[in-house]
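By written order: A, B, C and D. Residues from 1 in each chain.
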Amino acid sequence: MSEQTQISGWTREEMAKRLAQDIHNGSYVNLGIGIPELVAKYVPEGRTLIYHTENGLLGMGPSPETGSGDPELINAGKRQVTANPGAAFFHHADSFAMIRGGHIDLCVLGAMQVSKNGDLANWSTGAPDAIPAVGGAMDLVAGVKSVYVITQHCTKHGEPKLVESCTFPLTGCKVIDRIYTDLAVIDVTDKGFQLVELSPGIDFDYVQSKTGAEILQIPNT
Amino acid sequence: MSEQTQISGWTREEMAKRLAQDIHNGSYVNLGIGIPELVAKYVPEGRTLIYHTENGLLGMGPSPETGSGDPELINAGKRQVTANPGAAFFHHADSFAMIRGGHIDLCVLGAMQVSKNGDLANWSTGAPDAIPAVGGAMDLVAGVKSVYVITQHCTKHGEPKLVESCTFPLTGCKVIDRIYTDLAVIDVTDKGFQLVELSPGIDFDYVQSKTGAEILQIPNT
Amino acid sequence: MINKHVSSAAEAVRDVFDGATVMVSGFGEAGSPIELIHALIDQGATDLTVVSNNTGSGEVGLAALLKAGRVSKVICSFPRTANSTVFPDLYRSGKTELELVPQGTLAERIRAGGAGIPGFYTPAAVGTPLADGKESRQFDGQEYILEHGLKADFALIKGQVADTHGNVIYNKTARNFGPPMAMAANVSIVQAIQVVEPGEIDPEVVVTPGIFVDRVVEIANPVHESVLVAEGVSYP
Amino acid sequence: MINKHVSSAAEAVRDVFDGATVMVSGFGEAGSPIELIHALIDQGATDLTVVSNNTGSGEVGLAALLKAGRVSKVICSFPRTANSTVFPDLYRSGKTELELVPQGTLAERIRAGGAGIPGFYTPAAVGTPLADGKESRQFDGQEYILEHGLKADFALIKGQVADTHGNVIYNKTARNFGPPMAMAANVSIVQAIQVVEPGEIDPEVVVTPGIFVDRVVEIANPVHESVLVAEGVSYP
């Protein structure tokens, strides 16, 4: 076994748990499809979040018990969900008024690439035969107050996802505030990537070696 | 008594009754404050109109019986009204989406001046000490499919209200389709004012003499 | 636990600051949050810009706020009433500035402000004095003017029932400017006849979702402006 | 007497013409007016431009309309599903054109079309390929792009309950694009589980006021797209 395979970092569940700690009580939150959805499972006791799904529901609850769902009560991933007490249904123009108007506190998205100035690419590889499909991602990153990315630090092929500048088509420019990966928590600042926290057992040099742009160390205080 | 005072034309009620005949069954109608409000009383049997009031109600009904009204169920003139079966309440942005988006079939307004190209002035004399107040008139004339004016043919001082061009500040440009006065029904066409019908006992020359622009006679067919 | 319920109108308007822009719901007396306005008079904030369809009646509610000298500018569509000289006197003496906006443009500017739309084109007011100085352009051969989204620091809104998450339903034509104003203000404050627990308002009938509302206060028996005016009341 | 109730889905879509622009409600299967779409397939209109958030699942509903070769262009935010190759095949073979629009921009363009707003500015897609060729400008130092209102000749919408005046309420997240599309189409057609008399829907809870709706048809037991797809149904 190479040294590489022994370095594991946070699991997907741990990444979600780490991110969940940073969400304030009472926040209005939109969780993207995939790893972002896991965040809801790890919200610390005593905090209540209100989940927005852009297809028209505030106060989204967990999946229904098998057989008790309604095929017309779904989330943005088109999976059946429930509505919590205090929920509200609304149409798409109102739903994206919430997004574009800056009313959602936090959105958590997956990423293909994030650049050091906060550009996000997460909707298209730009491959000529791909079917382009964007959904609400461009509206979310343009409108939501804080946008966090949760993603593996590198692609399946080991290529950095945190880069100098994105090579895939952009979802938005200068829109990402913070990145949670299996290796670290990293802020996007005016000066570029800024380390916030390392995954246990991961050292800075290792994270830097897996990143396509400079990461600023936590300053000594 | 001078000849002048014997010429009476339609009363306000008769003007409203004449206009009401021209509204199709099923029309969505917005009636302005004053003479326009009288129109609702004279809709011919067998026709159902749905009244829109821009403060947020479709399916407006008549005034409530004394003591049974709700001070929060009012019309654009701020008078208490009722809601008919099939009514709907909505907010102001939706209400003016109906108006601006061309969903209202007909709006009936009063006028200070109408020019031969259909410009309307009905919100301000332009007097320097007047308190400017426009309400929804500019939205109505810009958005409603057909805009009719109902008005006395002349001012209290005997001056024509149908003119070459308006001297008062405009409410809208080229917005009026038809004018109902005590003396006549007159269309606004590309060629200017076009007579449609004379009030009983009123002759064309008299109407022309009370009008500030040329009126085209009904062509012989 | 989320609880937007505050104990009093005074508490609800505690942090309105001098120079703030305040949207006030209502069309005539329908939907006018008169208890919140009176609390704002008591609170003392001044140099306010008020966004509202009208300027109030008699010497209560919005007219009283104006009369108290707290309003330096109104953005409004119809600042005239048969029974109030408060705004006309302030306007003529140059003490209160007026930005006159067609009613539908006002509603849409407020919605746009709340929906993150900085500008939009409308046909209303084209060719009139209210288009003076505004950009215009053509779409499909028709002329339109550019109007800007409107935001506020605070909104004072009258609802019927609210829950502690801030979901609101309204009474009849009192709905008017409440929903768009709740969207457009940084801090939206709703007075309601009843404040209930989450779940007591059917999610299908919510008009203003709680995300747009910051504080709700129960005013179980709101006064009617027309009654106060008929009684000749002058607030405070 | 006003009665917008028509007797069948076939009757409701009778006059959809070749080359028409048709808005179709729904987000996934929620709110997809599958019986109206199937009636449109039977009716035969072709060369359609379809405005819809997705392009359907399997080979039923919207995917079936596409597969039948009736759609020359889709205006859409997310034309991919795990279980349909209908649109991908048409797109790759150049038979169906795609105008890809961010979801919120799509919703707002439709609302704008219905609200008489020919253009508005949005921050969504700034700096991305979807802004290519679009006008941009700054407001308060931020960049926005100009987007245009979108209208249609017809809208096919799924509601829950409608009355004969055309007032509509929806079921949960099936509401999605129904209300803005009803506003934006010249002829708006609603299928509902129940069609009732005026007065049976509380005026306070109406979501789409009747003024936006031209025809309502009762489809008491609508099929679920996911069920048909699971059964491998291919329409017709």
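In this text, contacts are C-beta pairs under 8 Å (C-beta built on N, C-alpha and C of every residue); 3 or more make two chains touch, one makes a residue touch a chain.
On a predicted model such as this, the values are computed, not experimentally measured, just so you know.
Novice: Chains in contact with chain A and with chain D: which ones?
Specialist: Chains touching both chain A and chain D: C.
Novice: Can you tell me which chain lies farthest from chain B, using the average of the Cα atoms as each chain's centre?
Specialist: Most remote chain from chain B, centroid-wise, comes out as A.
Novice: Let me have the rounded angstrom distance from the C-alpha centre of chain B over to the C-alpha centre of chain D, please.
Specialist: 36
Novice: From the mean C-alpha coordinate of chain A to that of chain B, what's the distance rounded to whole Å?
Specialist: For chain A versus chain B, the centre distance works out to 56 Å.
Novice: When the C-alpha atoms of chain B and chain C are each averaged to a single point, how far apart are the two points in Å?
Specialist: Here chain B and chain C have centroids separated by 29 Å.
Novice: Hunt down the residues of chain C that sit against at least two other chains at once, touch-wise.
Specialist: In chain C, residues 108, 111, 115-117, 122-123, 170, 172, 204 touch at least two other chains, as defined above.
Novice: Spell out, as numbers or ranges, the residues of chain A touching 2 or more other chains.
Specialist: As it turns out, chain A has residues touching two or more other chains at 57, 83, 89-90, 96-97, 99-100, 142-143.
Novice: What is the shape of the graph in which nodes denote protein chains and edges denote touching chain pairs (line, ring, star, complete, other)?
Specialist: Drawn as a graph, the chains match no named shape, so other.
Novice: Name the touching chain pairs, please: which are they?
Specialist: After working through each pair, the chains in contact turn out to be A-C, A-D, B-C, B-D, C-D.
Novice: What part of chain C is in contact with chain D in the complex they form?
Specialist: 108, 112, 115-123, 139-140, 142, 144, 148, 169-170, 172, 204-205
Novice: Give every residue of chain D touching chain B within the complex, in rising order.
Specialist: 1-2, 111, 113-117, 163-165, 167, 183, 197-199, 203-204, 206, 209-212
Novice: Residues of chain C touching chain B in their complex?
Specialist: Within the complex, chain C contacts chain B at residues 27-31, 53, 77-80, 87-88, 91-92, 98, 100-108, 110-111, 122-130, 170-180, 207, 224, 226.
Novice: Touching residues of chain B toward chain C in the complex: what are they?
Specialist: Residues 53-57, 70-74, 78, 83, 89-93, 95-97, 99-100, 119, 124, 129, 131-139, 142-143, 169-173 of chain B touch chain C in their complex.
Novice: Which residues of chain B touch chain D once you look at their complex with the stated criterion?
Specialist: Residues 25-26, 28, 46, 48, 50, 52, 57-59, 83-90, 94, 96-104, 142-143 of chain B touch chain D in their complex.
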